[in-house]
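Each structure below is given as structure tokens.
Consider the two complexes below, in which chain A is the common component and chain B and chain C are the respective partners.
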Partner chain A sequence: MKPFNPLFSQRGASAVQVTVGIVVIAALFAFPQFVKSPYVLHMMILFFLSTLMGQSWNIIGGYTGQYSVGHAAYFGTGAYTTLILLSTKEIAPWYGMWLGIAASIILALIIGSICFRLRGPYFVLASIAVAEIVRLTALNLTSITKGAEGILVIDIPAFKIGETVITDFSSKVPYYYIALVLALVIIGVTWLVQHSKLGYYFQAIREDQDAAHSLGINLTIWKNSALVISAAFTSLAGSFYAIFVKFIDPSTVLPLDLSVQIVLISIIGGIGTIFGPVVGSLVLVPLSEALRSNVIAEGLINSGLVSETSGIGIFLKEHLAHAHVLIYGILVVVVILFMPEGVLGYFRKMTAKRKGGKA
Partner chain B sequence: MTFSVLVQSIISGLLVGGVYALIGVGLTIIFGVMRVINFAHGDIMMVGMYMTYFLFTLFGVDPFMSVLITMPLMFVFGAIMQKVFINRILGTLPQNQILLTIGLGLIMSNAAMLAFTSDYKILTTSYSSSSFNVAGISISQPLLTSFLITCVITAGLYWFLMKTDTGQAIRATAQDREAAQLMGINVKWMSILSFGIGSAMAGTAGALISPTYYIFPQVGSAFTLKAFVITVLGGMGSIVGATLGGIIIGLVESVAAVTISSDWKDVVVFSIFLLVLLIKPSGLMGKSRM
Partner chain C sequence: MAILEIKHVSKFFGGLAANSDVSFEMSEGMIMGLIGPNGAGKTTLFNCITGYYPPSKGEVIFDGKKMNGLQPDTVCKLGMARTWQKVRPLAKMTLLDNVMVGALCRTNSLRIAREMAIEQIKVVRMEHKINFLAGGLPIGERKKLEVARVLATQPKLLLLDEVMGGLNPAESDELIQLILDIKSQGKITQMVIEHDMKAIMRISDRVVVLNSGEKLAEGSPQEIVNNPEVITAYLGSEH
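Here is the complex of A and B:
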């Protein structure tokens, strides 16, 4: 009989993996002590936020197999609830975000009760339709949401425990730590889901919902549970985004494009895996930011490939930034055609091939 | 609201519905033959709109006449898209098919943004805002012309599918792909053909509405959603259903805009869509494919 060693449990991670994990997490916590550049911190925050969004979707889409293309609804609900409460009732975001989660859970249960009667493509279409209804409602209920004008807040109140001020949000650093903790929490939640009975129910539904049903798994309850977990964390991501950017309107926090981007984070990384959304964010965030901030256009010009004064140079400088979503389109087409299991799955397959020799 | 306003909105709804029907018919043919839900349908339509715009501004081709050029070009565009991309994922997970077409749509709309900027373009013809009166009801001339062209095209397509050998082969493929293959029908060719026809319909619809609508790179997604509503309402795969669905949605939008408010008309449309999905997911004319 093997001696009991908690680090070498069969279902968990190996000692090496645990050590690497601890080192990475420690390094991420120490990161702002060494790197002061607000731009780098900004990128890291976007990376954590993207991980949070992708991983939240992964629970319903990747583990439970229900491809919701309407997650912007929960993101927007979190963002709007938090900022409306802050701007009109002066309720601090760390209370507002819980109300945002509550609102998103209620919304998820309503959406679930409608959409989970449908399957496959019909479910996808219904999830889009509901999210569009939410967006149009936010756009037209101008008395509450200010409609297309959007909501702008200037000051985020300082975060206090008792009388001690923890942070006043004057730099990017507090946002960095909040986003890091949120990303770690969602990875932890996904790990728990994968290794719990709940997760086995979810995966059984994904593999064959009729078989799962005949084995006594209540489809309605477990699909809705997966959606509620997913919606709660997506809403949290929305609340965080709202206080980080300090401005929201229906076209930034509720559009169909956002729902699609949330799905793509997981798809590109590898769905139904813990690190898929992390890898997806690692690929997408730098690429899309590089396009958005014109780094690529300037790089092409500086490297001498394209002359700055030539027609192409001027064109790229002016327009490439507006088309940063193009990269999502190209990546998803490449991934679906050539790496259907995502970037992570593709590299796993490659390493398995190399280890296994010719087989 | 007076009675004449209501009649007015019914007539313009009917005319717009004709173009919607064309968009829906394209989507439903693609779905019928390949079981692929084309999320790039509105973006294909956007390509048709830009094509019409540039034919008009650069060569002075009348938007309605340009249908003769746009339709075959969009057919080729769709056929190539099917051959290069869609063909590779037939028979894989429906989710992957949806994501692939979403990706292709994103590429089209963002490439259009790169090439033509996100500015709204307006195609103004001499008759863009002209209309004539019949018993106190004014009828927009471009809308009426596009409606009549739509009728001709839909009738032609229906004749093609019902009466010609190729049309029957397409319908056979839609009914049972394997059986059709066993009967000696080249189903791969039928898939290319039907994606081409679907794209040609979407592109033509784009050409027909360009005199009365703004042209911009993101115009597609709204029409993709509308196309889904229309085809689900009519019954996925049913051409008569899609025609009917298009006209119903055109009417609902137009009447909701005057009776409720134009801000909420899309909410009404999506609510009807959800109701259809819940109560009769097979649609008005379709068989259940759930």
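Here is the complex of A and C:
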């Protein structure tokens, strides 16, 4: 039996928590004034983007318990809508992203009407199947999407208010601030959801659909509401990614890989909590960077633990960078076995134990 | 006028008639006892009445309105609420949050829902557990949670499916008293499925007996205990 722990109350934050929050946010806004390294800013941007994606999924997956493994569809829709409009019609991204959101919401309602008839593993499989259909459509609709060739843009038009140029996107700094604001917005939205009827209904559906249904909850309406919110913000993440990287193709913004990664952010951090996806991003972003840049393999070899010419050394150097799916898989197994409530849930339990509370 | 009319309701699962041609009426404010041996079709009848699935044949009329084909959420909003024999707590939510979900059927405001929920939690005398996770409560308290949660939806007709099952005598007594209190307030009509004959006799104004899906008898508690058919078919088989 778990007594209610006021420290981690779902309602109201303590004065300490509010103060810490304000200090952290202020520090994040001041950060680019002190740190000029494009690499560090790049990593921070990826961290904010990951938080945005993870938190968006958390609303439908974590709070509502509908494990969509097809969120790449919304990410890709946002990315493609934005870049297609920019490259063919010269529509600026800050207009394009709204159309991306609109397209993703329509897609979400179509997907919802198909997939929400199903429950549990059948829902998961249907969500994968529908996202694959979207990817194959983008791959084959070459007249609009350029198919496998992808879409490349060279310049992002300057962002102006009236005649004043706010930014011309020539450095990482404007991206940093946009990503930071988006991450803060999605955290705010999640907080609002949790502190409203939506949050109660979403969680009731997650805990027991039949009980929820019998208590006056229209499952179709509320599940679709959760999916629409989730899809809109995932789409926004896709739009941001598109103007940040300036190149998209079906294998970067629509693959199953991406859908799985989106799910992992929350699962590793702790699903159905406001800070789970933040913690998940703190784990996953550095990890995937380490894998990509091969620092793990190099570290092991340089430390003398593994000889460079040995079979293992060659294997690590050649393949570790491509083994991220494998590593993620291992990570998920570890988390599910040892921290079923995610990293955040695990540390909460540990602190509760140390304080003498029952775990 | 009858608040609930059940007209020739049948429910088939493949070849099995879990309910067959069941008819009876309930008048406002009464307590109807629904009894029968295991597998008689009592829970199935609740499911047909509340829209969990539609009856294969027949009609359910609540407050003058035909219920066939309505979804459980609509049925709940119209004022008919049921508890589950196999309890369904929202495990990772607190007792308060569970009951608030029920109350949110009548309001969009969390503040009002919280007040309504606390009121019902007091009715089942569980104020001391208000912030406990539902999944960790013992069975007796989970049954009481079910009752508080449906009461919070402000029903006109309450369907209780074995809320005393698995409880100790003190807890059962408490629930019997609660059911009688609800009746004396006169706002809520109740249908109660229960295996404990003493409890049924104490609380019911009328009793319907189901056996193998069919209505075997209906009458006052006194008539039912003296009905020879009931004694052989039901009481006889148990005693």
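Rule of thumb we're sticking to: the second predicted complex is superposed on the first by the 326 of 359 C-alpha atoms of A that agree within 3 Å, B and C clash if a C-alpha of one lies under 4 Å from a C-alpha of the other, contacts with A are read in each partner's own complex, and residues count from 1 in each chain.
What we mean here is this: contacts are C-beta pairs under 8 Å (C-beta built on N, C-alpha and C of every residue); 3 or more make two chains touch, one makes a residue touch a chain.
These figures come from a predicted structure and were not determined experimentally.
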Exercise. What is the contact status of A:Gly311 with respect to chain B (first) and chain C (second): first, second, both, or neither?
Worked result: neither
Problem set entry | Partner, of chain C and chain B, that touches more residues belonging to chain A | B
For this session: Once the structures are superposed on A, label A:Leu219 by its partner contacts, choosing first (chain B), second (chain C), both or neither.
Result: second
Problem set entry | chain B versus chain C as contact partner of A:Ala211, first or second or both or neither | second
For this session: Would you tell me the residues on chain A in contact with chain B in one complex that are also in contact with chain C in the other?
Result: none
Problem set entry | Touching residues on chain A, where the partner in the complex is chain B | 67, 69, 114, 117-122, 124-126, 128-130, 132-133, 136-137, 139-140, 256-257, 260, 263-264, 267, 319-320, 322-323, 325-326, 328-333, 336-337, 340
Exercise. Which residues of chain A touch chain C in the complex?
Worked result: 1-4, 10, 195-197, 200-201, 203-204, 206-208, 210-219, 272
Exercise. If you look only at chain C, which of its residues touch chain A in the complex?
Worked result: 50, 52, 71-74, 76-77, 81-82, 84, 88-94, 97, 100-102, 104-105, 108, 110, 113, 131-133, 136-137, 149-150, 153
For this session: Spell out the part of chain B that touches chain A in their complex, as residue ranges.
Result: 37, 85, 88-89, 92, 94-96, 98-100, 102-107, 110-111, 113-114, 117-118, 221, 225, 228-229, 232, 263-264, 266-267, 270-271, 273-274, 277-278, 281, 290
